[in-house]
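Naming follows writing order (A, B and C), and every chain is counted from residue 1.
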Amino acid sequence: MTNNQLTDSGQLRHFLTIEGLKKPLLTEIMDRAEQFSSISSRQVKKVPLLRGKTIVNLFFENSTRTRTTFEIAAKRLSADVINLNISTSATSKGESLLDTLHNLEAMHSDMFVVRHNESGAAEFIAQHVAPHVSVINAGDGCHAHPTQAMLDMFTIRRHKQHFPDLCVAIVGDILHSRVARSQIQALATLGVGEIRVIAPKTLLPADCQTLGVHVYHDMEAGLEGVDIIITLRLQLERMEGAMLPSAREFFHSYGLTEEKLLFAKPDAIVMHPGPINRGVEIASTVADGPQSVILEQVTHGIAVRMAVMSMALGSQPEQYEAMT
Amino acid sequence: MTNNQLTDSGQLRHFLTIEGLKKPLLTEIMDRAEQFSSISSRQVKKVPLLRGKTIVNLFFENSTRTRTTFEIAAKRLSADVINLNISTSATSKGESLLDTLHNLEAMHSDMFVVRHNESGAAEFIAQHVAPHVSVINAGDGCHAHPTQAMLDMFTIRRHKQHFPDLCVAIVGDILHSRVARSQIQALATLGVGEIRVIAPKTLLPADCQTLGVHVYHDMEAGLEGVDIIITLRLQLERMEGAMLPSAREFFHSYGLTEEKLLFAKPDAIVMHPGPINRGVEIASTVADGPQSVILEQVTHGIAVRMAVMSMALGSQPEQYEAMT
Amino acid sequence: MTNNQLTDSGQLRHFLTIEGLKKPLLTEIMDRAEQFSSISSRQVKKVPLLRGKTIVNLFFENSTRTRTTFEIAAKRLSADVINLNISTSATSKGESLLDTLHNLEAMHSDMFVVRHNESGAAEFIAQHVAPHVSVINAGDGCHAHPTQAMLDMFTIRRHKQHFPDLCVAIVGDILHSRVARSQIQALATLGVGEIRVIAPKTLLPADCQTLGVHVYHDMEAGLEGVDIIITLRLQLERMEGAMLPSAREFFHSYGLTEEKLLFAKPDAIVMHPGPINRGVEIASTVADGPQSVILEQVTHGIAVRMAVMSMALGSQPEQYEAMT
């Protein structure tokens, strides 16, 4: 299921999930993102690496924020970008998903950046695309959000260097979070010392034990001595019925406040994939405080997406060095 | 009514309808599309031919698919593209259509790609634009869809070369189809041997006899010995009341199945302008079968639109040879 | 409140309002627009001045027309443009305005072009952006629309040269017009001889006396001997209740007809910010007549926006001279 993201020679072709990828590949993504990182602070934030490539943002679920990061990343690589909101177009004419895909392929598109509210949608699409097309998963249902996970890893590496020494706590709605799933896989692959999840039982997946994480239901114990705290967005729109107490109760028990932050190491960093629900999963004083690296995550998101896009399209880093 | 697409020296200025255009011009479009065809399979799918030109996609009727083909074609020519969905913008402020056009002209737009649900809209606009603006008809009501017709001609020429030797059958809803109207005009101009239409009486236009086509109401007789079968989309949204049997009945009588395909020549090719209603006008086994060239049509659509756009904007082919 | 548009050395950083800007700066905008004006009529209407810059059109209020002018201006400067319609995106996920802004900043955006239905929104945003981001006000509530005012000044200068000799009349709904407010400030700063407003009492702001304008309630007296007539759009959507007679009555008293135009100087020019309500604030014969410069205003709007954008992003005019 996951091997199809790599070519026979082990190069990244699609980027669908962290699952099954090896540490050297994740490290390569971060190393290349490091190169692109400097471009975004240059006077001319653009390299001609993907000039003449056509990248299609194929969003079956609306997410202006995520689409914008991919659009900016693609344009900084000089690609042409086509934004398609599928719910409002082809399918209203009754065309099947695969027909839409095959039409876009026939127009010589090079890459589909796919966002979908069903788990497995990006893999399904990758299984059916033509050989010249790469698929990037920009979030599918509760399944995976691998570029988000990699920008988180990149942010951690920028601050903490050596993964095996680190203790990372992920707090909140693990059950519905594609972000958490991808983060846990990336952290495990990179050999992080300890991974903890802190959540009420109702927001933990059934397979929690098999993920190799330590489960906590209490912030004081869970945050004790951690280096990294990753807070998650309460995906209110993905929850059903009354499995959750009110946002106010959630904040009381699991919201990251300055007081609870004291349980972690003094130099712990605080992360969140955004968009933030202030006063629900995190207090404003923490989100905007000195230990927060939330906006750095956004910045690194551009560089990481440039890295993944350029790797999947098979361009060599030497190429752009020569061209710039 | 149709002469206004040409300049005094006979060059293409607007592209509104096939009607009234001569064979050499249609051939020139196909020849130039042949040149652009190779660009789309190159590493860098882009030529600087229309750099600095502003092309406005002026869509009064939603069609993501058609807009995307024009947007991709324009970007591969290095033009700047502005997408305007008029129904949701200027007219809601009560501005007249002509005021909107004159404003866009005043911004030094070079081309309007117009899609409209009323027949004649593109010609109306072309009659009122400033001398520096070209208009491309991307489909107007039941009237014309000339770029679709030319990509179909290009696809036929790729497979069958010599038009006078060919027998072409167009199957389905001729009455409401701007595509069929433009195809018949193009086939006649290119001197195709025989043009047939196959449809129930309720889906044939009243002027059918004057079009120079042979009318069939039966697939077996109509497909006998043809080289090309063009199936049409059932434009359910354009039909009124009870003139049509159910989609199921239509498929039984006029849907192209493997069985009916046997009536045609063994090397006949199968075309469809898309999007396909599988199991209505065509069986999936035929649409995806070895005689189908439906996705090739999509590919050629980019090259043909690049050809028409660059011709209408008066750029010479030598120019881009020199620039690349 | 207004000083924050300039850097410590007096350079334009944001462009939020005409208020507080000095005459040399307004003149610099017009002089630079003069340079860009020639670009729009060249074969390749593009300069690489803002290549690699990311400009975000941040529209909280829909305005296709205004967005298009900024998008065209940005693309002719070779910037990358991201269009965001905020009402339908981030805020629907409950993210705060400032969080949205800070996220866009973190993606290394260089400029926000802001349209908002609340007065002061652009200034609020400018007060909170990071040092590397410039904010352009594309219209905020009833407050200001400074690029519109500057394109009007540019148009006047093109036709009438010497501002101190001129008498300018602004006609119509002054009360709700951000355009009028910015125009009056610009005209005063440029030292225009006399500024008149002509409107019914219900459409005049309370602070009218302090604006340094002469108030007329009658077209014959108000237009007597003027060089410039600026008609305003009746912002029906911004008016409340029964303060206004019908559009028909308004046209009778204040609509600019050929007859009323005779009160002005014979070489008076007629302006309107668009979109026009024909037969409400202006007769079609006047809008399309020989004294109208309404479409010239649109053309100049591109050049003026290119000027303001390039100035705010700190690029020197010499730079693009060298690069082209």
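Just so it is clear, contacts are C-beta pairs under 8 Å (C-beta built on N, C-alpha and C of every residue); 3 or more make two chains touch, one makes a residue touch a chain.
These numbers were taken from a predicted model, which means no experiment stands behind them.
Undergrad: Based on which chains touch which, give the shortest step count from subunit A to subunit C.
TA: When the steps are counted carefully, the minimum from subunit A to subunit C is 1.
Undergrad: Report same or different for the subunit B and subunit C interface, where same means the shared residue numbers exceed half of all residue numbers found there.
TA: different
Undergrad: Between 0 and 180 degrees and rounded to the nearest 5, what angle rotates subunit A's CA atoms onto those of subunit B?
TA: Between subunit A and subunit B, the superposition angle is 120 degrees.
Undergrad: State, to the nearest whole Å, the distance from the C-alpha centre of subunit B to the C-alpha centre of subunit C.
TA: 41
Undergrad: Which positions in subunit C are in touch with at least two other chains?
TA: Counting only residues that touch two or more other chains, subunit C contributes none.
Undergrad: Report the residues of subunit C in contact with subunit A in the complex, numbered from low to high.
TA: Counting only subunit C, the residues touching subunit A are 51-54, 80, 82, 84, 88-90, 93-96, 99-100, 102-108.
Undergrad: Note which residues of subunit C are touching subunit B in the complex, please.
TA: Result: residues 40-46, 62, 64-65, 68-69, 71-72, 75-76, 274-278, 295-296, 298-299, 301-302 of subunit C touch subunit B.
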